[in-house]
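Notes to accompany the following structure.
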Amino acid sequence: MEADNTSVPMKILVALLFIFLLAPVILVVPLSFSGEQILSFPPESWSLRWYAALADNPKMISAFWTSLLLGAIVTAISLAVAIPAAYVIVRMRTLGSSFLYNLFTAPLLLPTIVLGLAILIVFASIGFLGTFPGLIIGHLVITLPYALRVLATTLGNLNLACEEAASTLGARPITVFRRVTLPMMAPGIVAATALCFLVSFDEVVITLFLTGPRLTTLPVELFHHVESRADPLVASVSVLLILLTLAVVMIVDRSVGLSKTFVK
Amino acid sequence: MTAITASAPPAAPRLALGRTGTAIALLLPIALINAIGFILPVLNLLRMSFNEALAGGGVRETVTFENWTGLFGDSFYVELILNSITVSLSITLATLVVSYPIALYLHRSTGRWRTFLTVLVISPLLTSAVVRTYGWIALLADQGPIVSGIAALGFAPPRLMFNTTGVIIGLTEILMPYMILSLLAGFGRLDPRVEEAAMSLGAPPIKTFWRVILPLTVPGIALGCLLCFVLAVSSFITPKLLGGGRVFLLATEIYDQAIVTLNWPLAATLSMLVLIIFGAALAVYARILRAID
Amino acid sequence: MTMMKRRTALLGISALAFAASMPAFAQEKTVTLAAYSGIFQDHYTKAVVEPFMKAHPDIKVQFYGMPNSAQMLGTLRAQKASPQIDVMIMDVSVAKAATDEGLFDKVDESVSKHVADLYPAARAEGVGGVGVTFDNLVLLYNEDQVKTAPTSWNALWDKQYAGKVAIPAVPDIQGTTLTIIANKMAGEEDYKKTVEPGIKKLGELAPNVQTWDPRPDVYTPIANGQAALGIGWNARAQVYSDAAGSKLGVALPEEGSGFQINTINLVKNSPANDAAKTFIDYALSPEAQAAFTEAMFYAPTNSKAQEKISKEALARTAAGSMDDMIGIDWIAVAGIRDAITEQWRRRVIPLSR
Amino acid sequence: MMHQTILSGSPTVSDDRDVHLRLDGLTKTYGNSVAVSALDLSVPKGELVALLGPSGCGKTTTLRMVAGLIQPTGGRIVVGSNDITAMPTYRRDMGLVFQSYALFPHMTVAKNVAFGLEMRSVPKAEIERRVKEALAMVRLEALAERKPRELSGGQQQRVALARALVIRPSILLLDEPLSNLDAKLRDEMRNEIRDIQQSLGITAVFVTHDQVEALSMCDKVVVMRAGKLEQVGTPIDVYEHPATPFVASFVGRTNRLEGRARGDGTVDVGPMSVRVPGRPGGNVEIMVRPHRIRLLDADAAQGASGEGTNLLSGRLTRVTFVGDLLQYQVDVGGTEIVVEAASDHGRGIRSVGSPVALAWRVEDTMVFGRSA
């Protein structure tokens, strides 16, 4: 329910601040229907020309597919790598697991500009710049900590007794993991999947260091576009992206609840 | 009496020692990626800051402190560092001021309304910083709605873009969700009944805020400010697009030195400096937390 | 076991998807061309790249737009270990630096027979590539805000336009050119000796400047009135001023202006070297040169192109105003470029805060 | 049936022929702390044995070692003639019912029950039949397709029981299975578990901290304290003939007095003299259960006196009405003694401060040696 002990001026203030917060995101919707050649708000005429222009822009479209594919691969690898890691770290406490946990989530503490530069310098020397494997590793560096954090938290909250029950009923460790642990981790896995995909799909700073003329992701292409042109094309891309994000968010919300995933 | 065990004996290791090999095998992939993509590059970056830059982007392997001494001996860079810190602090403060009322309101809301507002707060986070900066470009332009609106009210039209003001406005909005979520996390201690108690003891709303609410929310404020400061220091997309080429910050300088000038030793040194500032911010944060307890 | 199988399968799928995404890049027949983004990219694609691809269906040209030559050089340097760009169109002074660093192969008659037909100015000593366009710096103004066409660069310093001037700052070559012009206006003819007077003069300009990094380029904000005055390249300015309803005015000031050469370069060890040579040959041909001049008012570098170009178009290019050009030795400038950049960052731009 | 007192130190209770589960010197230590210390125990086939003790006494650790969920530090676990100490849990063939039930939240009731059978590769048709049977046994046929979260606590408890039993385990282990149920349901489930266990004739080990559960359900009670055995015996043994003061005070309520024995069958407790069975000497501890003491009016005391009766006089300090019982606190020469009597419609409640007499049979007095 709405907070009722809030005074009217406070409510107005909060409403204004919400408008400030949401303005740039909301603004791209009308901007995308602009009929103008250049970016201006409010537009003097309306049209769908920038959606048509987008359909006509092979670079933007190929960058989109690259981002989508990259996000899918990075997400898949993140889960495949982080699930066993989370299992060992949470369930095996003899190996200095809190040290390992901190080490593996440490990349989250590093500013992306620093991480991006660090990776750039190493990758430049081994010819990994502007290559797909280079991008995958660069993205994994930041998606893995997120995946590990979400999955380790989920695993830590699981009722250990269920796994014990399965083993007393005759299930081998690997069967216990597959039939009991994994299904019970499902909400965490959905959350980790969504988070990894969105982080990878939206990543721009590190990616900017790693992409090249032959391989660009959508956010980087958008950045370059904003940098070199001032047309409403980016708005039409953004609207489509917002719709895509909404779809992902809705799927997550349906399956595990949004606030559980993003608010800790 | 020593024989009596504690009520909760330490949980047993789930895998016996004989399975250490399995554990190592399961940790190997993440360790490998962590090593290749994180440890190695960061150590290499530290090493790079002691190398010598050659003209044309070359690097000579050596051990020199010239990058460091050069940085602090050069008024341009000293000013750039100070400017970065000041701008980041301004952004942090502005973000706190605009986020606090929203967070407080959200904290007091319940049920579906709260869920809805939370989604509103999170949704910009899911939208690329590039897109949101793009939105600000349209909003802050000289012909944009804000400047025209102010001019229509009869004031001198201010310059909101291509300067520090534009960068602060844009980044404040971009960092708001982080601040709001941090504040909310830190508001756990704030029980509405405490406010009611204060009021019942005769404190007017303003006094209740200063004497009760604000002190109780200091942990959330400290957390949010730490996060926003760190993100502001390292942000680069927004200053690049909204700065009009005159806002020199550490992050934009790192990018320029890394990509355009290709002075990697200098870029590495600046990066290390960012990490040092980051460490200092963490220390201040820890101090604040200690002071509250 | 099942888990292991599943993971293997997952990795297999990833590898497959990865492999599927590669052919587009791995193919030897894709030429990656790095050059200026924005309007240059649009017109060059239409006038040169597309006709080339039509003539050579087996070669695909991928245009990678970048904002300025400096960034192109940075990208090239970072990729030294494994280049991904085949052909690069960039300013001659930056190309000189790139050549010195061993990033370019030599473009000579063995690459294209058209090299023999190029004007001498297009064949700079010590530069791997050869000239592909000629252009010059012009004064830009918004026709609504500046009623009478300015005749001098001094208009930029006019307090009347405080906060209304757009200057693409160094390392963009337009900033470098303006430094040399300002140096001359301040009474120092030999920029090779010192640019100190020019830097001082630019410091006086700084407070007038609205942006040192105009987006998306310098022409758009002046055309739409966000800025009143600026500096830009003649060719692009001509295109913008032709656009319907454009308020962009172009002036060639009486003090004269700077001449600029864009070179086309062959990247050393590039992945599609042979196809790249084919493209360079086409780009230097009279047909391509003429088409691009008609499209965008860059003066051709191939002497045989002139006869294919309309008089009207030619008059609007740098070729039409050769007499007004300050002699700039871009090769010499390559040596002082970094020093000029430092001076701007320390002594010019900060004065505009 | 054996009704003799089992002295501590000789915990083996039955003929070795019948022993189904045997623990030999079972020990578990965590660093310096000892959870279970050299535990010896034999459980005969078909018996329900309770491990009873306060929390932290090592009873759950013992059960988990039997189940294979905790690896012992020392000792052996033997089932029949097989040493299973090193055998992994999943091969031990024991049904374990958890305190938290540990139902698989993502599976239906039927799937939960079928899980153990699937692990044993039982044919599909048989799984179906046996799941039905097991659910019928716990009267949950109707809920087979529900998810665990849709069931009440008692229903979940019965699913957990069915799941553990359907695999026909050699031994059934129950870890405080009733502690999460409310009082009424607990009584019901107590009988249900006991009935099922007896009808199947299955050997079972039951961990509890509730003496009522242990006494009412089990063939044998194992009282543990600080990782060690205190006493093993039938419920009646343990209650009536506690081997140690700890057992006496943990199993049932008791009054506890310290005194010095004269060696002639009397013990001096402060100014009073109390007669005890046998002729112990030295420092002793005397215990008397509250309901074994009769509360008499001071003037009626004379008539109650006799050879086999202890009689003390004191002053009533507090009366508490607890429904079916009346609890009196009596001050006897400075010592508090609690007396319990059935309440009879609230009649005959004496007023606080009145002088009263306490009487109990000498044979109801328990004496334990006490080191000075």
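First chain written, first letter: the chains are A, B, C and D, and each begins at residue 1.
Assume a residue touches a chain if its C-beta (ideal position, glycine included) is under 8 Å from a C-beta of that chain, and two chains touch if they have at least 3 such contacts.
Since we're looking at a predicted model, the values are computed, not measured.
Relative to the C-alpha centre of chain D, the farthest chain centre belongs to C.
Here the chain at the heart of the structure, going by C-alpha means, is A.
Between the CA-based centres of chain A and chain C the separation comes to 36 Å, rounded to the whole angstrom. Computed centre separation for the pair chain A/chain D is 55 angstrom, with centres defined by C-alpha atoms. Once the centre of each chain is set as its mean CA position, chain B and chain D turn out to be 58 Å apart. Spacing of chain A relative to chain B, judged by their CA centroids, is 18 angstrom. Taken residue by residue, chain C touches two or more other chains at 75, 78, 215, 224, whereas all remaining positions touch fewer. Residues of chain D in contact with at least two other chains: 69. Under the contact definition stated at the top, the residues of chain A that touch 2 or more other chains are 40, 80, 120, 226-227, 230. Looking at the complex, you find that chain C touches chain A at residues 1-3, 7, 10-11, 13-14, 17-18, 21-22, 24-25, 30, 32, 34, 37-38, 62, 64-65, 67, 75, 78-82, 84-85, 215-217, 220, 224, 243.
Across the interface of their complex, chain A is touched by residues 67-69, 88-96, 98-106, 115-116, 119-120, 160, 163-164, 167, 173 of chain D. Those residues of chain C lying in contact with chain B across their complex are 70-71, 73-75, 77-78, 97, 100-101, 163, 169, 171, 209-213, 215, 224-226, 338, 345-346, 349-350, 352-353.
Only residues 37-38, 40, 62, 66, 69, 72-73, 76-77, 80, 120, 124-127, 129-130, 132-133, 136, 174, 177-178, 212-215, 224, 226-231 of chain A touch chain C when the two sit together in their complex. Every residue of chain A that touches chain B in the complex is listed here, in rising order: 1-3, 5-7, 10-11, 13-14, 17-18, 20-25, 27-28, 31, 39-42, 80-82, 84-85, 87-89, 91-95, 100, 103-104, 106-107, 110-115, 117-122, 137-138, 140-141, 144, 148, 160, 198, 202, 204-205, 208-209, 219, 222-223, 226-227, 230, 234-235, 238, 241-242, 245, 249, 258-259, 262-264.
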